[in-house]
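You will see two complexes here that share chain A, one where it goes with chain B and one where it goes with chain C.
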Partner chain A sequence: MRVNDEHRGQMAAMSMPALIFTVGMIAFPFIYTIWMSFQLYSSTGQITGSGIGNYQRMVGDDEFWNGIWITFYLYFLSLALQLVLGTGLAMLLFRAKRLPGIVRSLFISPFMMPPVVAGMMWLVILDPSLGAANWILTSLGLPASAWLASPVWVVPTLAMIDTWQWTPYVALIVLGGLQSLPPSVYEAAEIDGASRRAVFWRITLPLLLPTLVTAMVLRSVDLLRFFDLIYITTQGGPSNHSMTLNIYGFRTGFEFFRLGYASALMVTLSVIVLGAVIALNRLRAAVEW
Partner chain B sequence: MNMKPMKLACLTTALVTTLAMGATAQEFDWKAHSGETVTFLANSNPLGQLLIDHAGEFKELTGIDLVVDGYQEQQMRQRLMTVMNARSDEVDVFMTLPSREGMQFAAAGWYADIAPYLKDNVAADYDPGGLSPALMEAATFDGKVTGVPLNIEGPLLYYRTDIFAECGLEAPSSLEGLPEVAAKLKDCTDATPFASRGLAAATPYTFAGFLHNMGGQYIVDGKSAMCSDESKSALTLYSDLLKEYGPPGVINYSFQQLTALFRAGRAAMSFQSSNEFGPIMDGGDRMNDTGIIPLPPGPGGSHPTVIGWSLAISAHSGNPDAAWYFLQWASSPEMQAKFALAGIAPPRAAVAESDEYKAWLSESPVRQQWQEALTVLADTGTSEIGYPIISNPESRQYIGQAVGDLLLGTVSVDEACATADAALNELIARD
Partner chain C sequence: MASITMRNLVKKYGAVTVIPDLNLEIADEEFIVLVGPSGCGKSTLLRVLAGLEAIDGGDLMIGETRVNDVPAARRDIAMVFQDYALYPHMTVRQNMTFALEMRGMTAAEIQPKVEEAARLLDILPYLDRRPKALSGGQRQRVAMGRAIVRDPQVFLFDEPLSNLDAKLRGQVRAEIKTLSKKLKTTMVFVTHDQVEAMTMADRIVVMKSGIIQQVGSPEEVYENPRNLFVASFIGAPSMNFLPARIEGDEIVLADDSRLPTALMAEAASGTGEVILGIRPEHFELVAEGQGLAADIDLVEPLGSDTLVHARAAGQEIIARVSPDLRPRAGQRLWLSPVAGKAHLFDPVTEERINSQLRQNA
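Right after this comes the complex of A and B.
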């Protein structure tokens, strides 16, 4: 018994630095943000308690609801594109086992690029007047696009850039899943004479579901907090058509100095992200095999 | 410059002159803080970059170590806000735009008052009275001098003299005449006839000149006046010019896109910052085919926009005395003469009149036009870009939003101005 107590003491002591780090770097800022969300910050930094005033204001704020809509529109569009294309890319990489290392490296290079660099690069490419994208379109006899300056196309364009950057990441996760699938199942399918399409839909995809849900969890957290690319390229424009909740909260807090309301927006976003992660984790448990 | 009431201007001028007289009597030791450290929060714009490039000279002169913390403009403000809210002494000196955030930062108590330094602690050749009185006034809030000016800038109309000559056109002479000139350019050239800012938060910088020259004001009798006849005319003129004659995607345009477009020879007229003169002329392609004028006058006269970056000492600085040495070095006649030769318009009249600067200007007609236009801005300009309230930065978003909605064609001018007025009146009431 004494040995066990001693062991527990040692374990507690050894985990203490991690615990202190977690409390200091995660719990404290989050609790502080929650506290701030119940305060009214004036433009000059004066703080007064406002109860649930910031949350009440949020309910009647059109920009908040616009932010929710844009956040989820971008989230579902990007996630769907990345899962479909990422799975396809993983299948290609899985089959092309003799693919040279340099080609594999090129496949995964976009997500190694800092989002700010990717944003600047795409900003130049998609410039409606001077960019390469419209030059290519018009050279092919197709109409030029306003891309990020179009209220209709701005979100699909952002989803396209994010998909270009993060599809290889999803592909790597799915590739890991593919490599861990039991060969015996495929051997049995081959003996039974199953077609390749049937093998994919009835064996590969169901067995890959836990891996796909893991990829969904990882991308969901990033996509719901989508920030840097939008900030670099559109800052929420044109005319709020790419103003996600995160961008709206950031501008409210750091450009307009309304920290109390911005905190309420960010607490709400955190709850949304947490809810999505919990839901997806339950889904993952349901599809485990 | 009509920045504030004349009485305040006279008081400020008198204050600076008095300070200058008191200061020159003092002995000044540039090495008094040798071995100490000053942290400088810099905006990585051409001006901030010049300060950083010359930092070695500051170290050589004073023996003070300069630690530079450089960011893009908005990121710099975020960093500053974090530091100031924590009342941290991490930042000693920072760059600031009094026309934008001056009232807000001053009310929040972020600026140290540098009036005592100007009075008692300047080198004999510093000449505080030589700093633009108007810009010193713009940096003075409730009697506190919050910074020293580093430059003078404002939006100017850059136009292609070769295209205008080919099309048989003269430079526009009135604001209302701009659409006619742009229409003729559209028929005559492939270049974009008229370009200016369209990005919501950046647009008021260029739109303000249209508003004031049309005779409009942001606030009348304590209420937002975006729906006055003059303001609606300005909104219509500005948005129609960009919609009909602007580049595709202009709604996302800020200074970077405007500079790239004009430098590439793809715009016949571009209304953009005087600070972009250097980047536009970079490479030399536009040196011989560009003309520069202030925004033409409108029915309300000529009230071009003029502002300047300042250098301020943090109210929480642990070493304000050494920090003052950096301010003084950066705003000294000697350093401002060097900055002027790099295309940063000097806020000191003496520097603008120096033989070396005049020789630099005389090397090219376009440089002379640039300086002449800036002189007009300095003499007649106003720094009222957003609403003259503490929440000035937020007010700019709503002004830009009105222009943006008109550019997209989703609302009428009456709807755009009414939406803006509602949001802006709420801001005015809050402040």
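Right after this comes the complex of A and C.
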């Protein structure tokens, strides 16, 4: 379509507010953070240039490496749980075909819940002495767990809470993928004599891969920046055992007011997220059919 | 290699009966085409044969075995789908080997079969491509290749040419026919295109509303359609139908023009209402004042011959004439049916009158 110059001017004017908003709200803070990551912010509020000092410091910072470890531990554990359970749930929903609206709403409800509310709810459930979780465990004759207070179990527990909240979301994405698969391919497989197991592993799963990678991208961006649930429940504890990079950066910036170093941590996290998204997009292109 | 027998076959979807009571025998190595308008039950019948749909009554035999309750995988049939149903994530080779792997055949057994089928279908260069990277015609061949490697007793085709362009369709049509001669396997081919039916079939099965209207060789069905539906469905352009009345040895048309009953394929006499059916290609020009007066509305030159749309005896008719005639709109032609080629149908039952054909027609 050809657009004349007058039209083009009008179009530019119309999109200007959105453009200004985008630059102001997204580009400015982002660029400012990058700039800040090369500065030292003293306790008196003075900002002085420090070159790559913050980044050099990071390399030798054990807490930074702990943050990276916790971030990826939580990321891979949660992602694996959500993909496996989400796919399973989607297959069940797909087989059930017509599902009452109320059931569908119930499935959606966990990820509709604000993370703060979910966090508070699970804090109560997982309370070591008063919570329902330990009551159930002990009623079954199993040993009680410290859950979020346990250095060993804190990350799996957080992964479990996140999985509870986000598996239905993954399931809905996968269900959409399942519904868009060509039915005649399944009939061809039926005639070809494929068992149910062969159909799943050789047909359904490969055909679902692009959908699964899409779900992975969406969950990765959230999981790598895992913040609110941890902030509500453990704030990084017990003793740094749930201190993701995001939590570490937040505390460095807003509890110790080392804004320059905190910015460098956040820039690093952004690069990790960006790298993950790029890698997953490559993966998606590779599994596209 | 097997015959197929359907006895009192019934297929229902809930309260809707799609096939009320169907009887058909398909001989070993026969090429059968099921043809009919959409919704006539032909695809349903094919899916019933394939085992993709359950049977609600009657018997289905492949060879000597009753297969009503035999799952699709164990009926030893292969099916080519309308949209080809290739596995999009697999290469051509993997598409062709999948069924053989499912049977537990080894790579050493599979390899030569795939190569042979690929050579037969001229798809050797594409074996390592995915369906996405193939043209419609190539995908079609892969779908056939996937069927051929399985060496089935019966091939089923569900409108496999409908997604191809006209030129390719003609080509693939010929290829499938050639292939059927080579493979010597029973083939059941579903189409709504009567040209495909006519060109490919050993026998055509014309269906309407789940009921077989006529079974016969292409020539039989074309020359002696059993009823108005078959007459109108087979042949393009369609047969012309003119309401008429028999008076003694004459057929009187709406505009009072008269044709001798001796011209008809069927012996008819006495009096009564009939429908006169004449194919466009079965008109001949006669002297002025004889036969039917046809006032030309429209002329469609096709090159090899010319279609004339005209009004005759109060009806729109189409006649196929020689291009040398150079007819013009507005002109009047005098037409008569070719002796022995026009048919009479009962306007009430829609059956052809007196299916006993005139011996020397």
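Here is the rule we use: the second predicted complex is superposed on the first by the 272 of 289 C-alpha atoms of A that agree within 3 Å, B and C clash if a C-alpha of one lies under 4 Å from a C-alpha of the other, contacts with A are read in each partner's own complex, and residues count from 1 in each chain.
Simple rule for what comes next: contacts are C-beta pairs under 8 Å (C-beta built on N, C-alpha and C of every residue); 3 or more make two chains touch, one makes a residue touch a chain.
Keep in mind that what you see is a predicted model, and the values were worked out from it rather than measured.
A.B. asks: Identify whether chain B and chain C fit side by side or clash on chain A in the overlaid structures.
C.D. replies: These partners fit in the superposed model.
A.B. asks: Between chain B and chain C, which one contacts more residues of chain A in the superposed model?
C.D. replies: B
A.B. asks: For A:F28, decide between first (touching chain B), second (touching chain C), both and neither.
C.D. replies: Neither partner.
A.B. asks: A:F76 in the overlay: touching chain B, chain C, both, or neither? Say first, second, both or neither.
C.D. replies: Touch status of A:F76: no partner.
A.B. asks: After the superposition on A, what does A:W65 contact: first (chain B), second (chain C), both or neither?
C.D. replies: In the superposition, A:W65 contacts neither chain B nor chain C.
A.B. asks: After superposition on the shared chain, which partner residues are touched by A:A198: those of chain B (first), chain C (second), both, or neither?
C.D. replies: Touch partner of A:A198: chain C, not chain B.
A.B. asks: Tell me the contact category for A:W135 with respect to chain B and chain C: first, second, both or neither.
C.D. replies: A:W135: touches no partner chain.
A.B. asks: Looking at the overlay, what does A:A144 touch: chain B (first), chain C (second), both, or neither?
C.D. replies: In the superposition, A:A144 contacts chain B only.
A.B. asks: Quick one: classify A:D127 as touching chain B (first), chain C (second), both or neither.
C.D. replies: first
A.B. asks: Between chain B and chain C, what minimal C-alpha to C-alpha distance in angstrom results from the superposition?
C.D. replies: Here the least C-alpha separation of chain B and chain C stands at 50 Å.
A.B. asks: Which positions of chain C touch chain A when the two form their complex?
C.D. replies: 50-52, 71-74, 77-79, 81-83, 85-90, 98-99, 102-103, 130, 132, 146, 150
A.B. asks: Which positions of chain A touch chain C when the two form their complex?
C.D. replies: 182, 184-185, 187-195, 198, 202-203, 206-207, 209, 287, 289
A.B. asks: Quick one: in the complex, what on chain A touches chain B?
C.D. replies: Chain A residues touching chain B: 42-45, 127-130, 134, 144, 146-151, 233-235, 237-240, 251, 254-259.
A.B. asks: With touch defined as at the start, can you tell me which chain B residues reach chain A in the complex?
C.D. replies: 74, 77-78, 81, 84-85, 104, 107-109, 192, 199-201, 247-252, 257, 260-261, 264, 266, 390-391, 393-394, 397, 401, 404-405, 407-408, 410, 430-431
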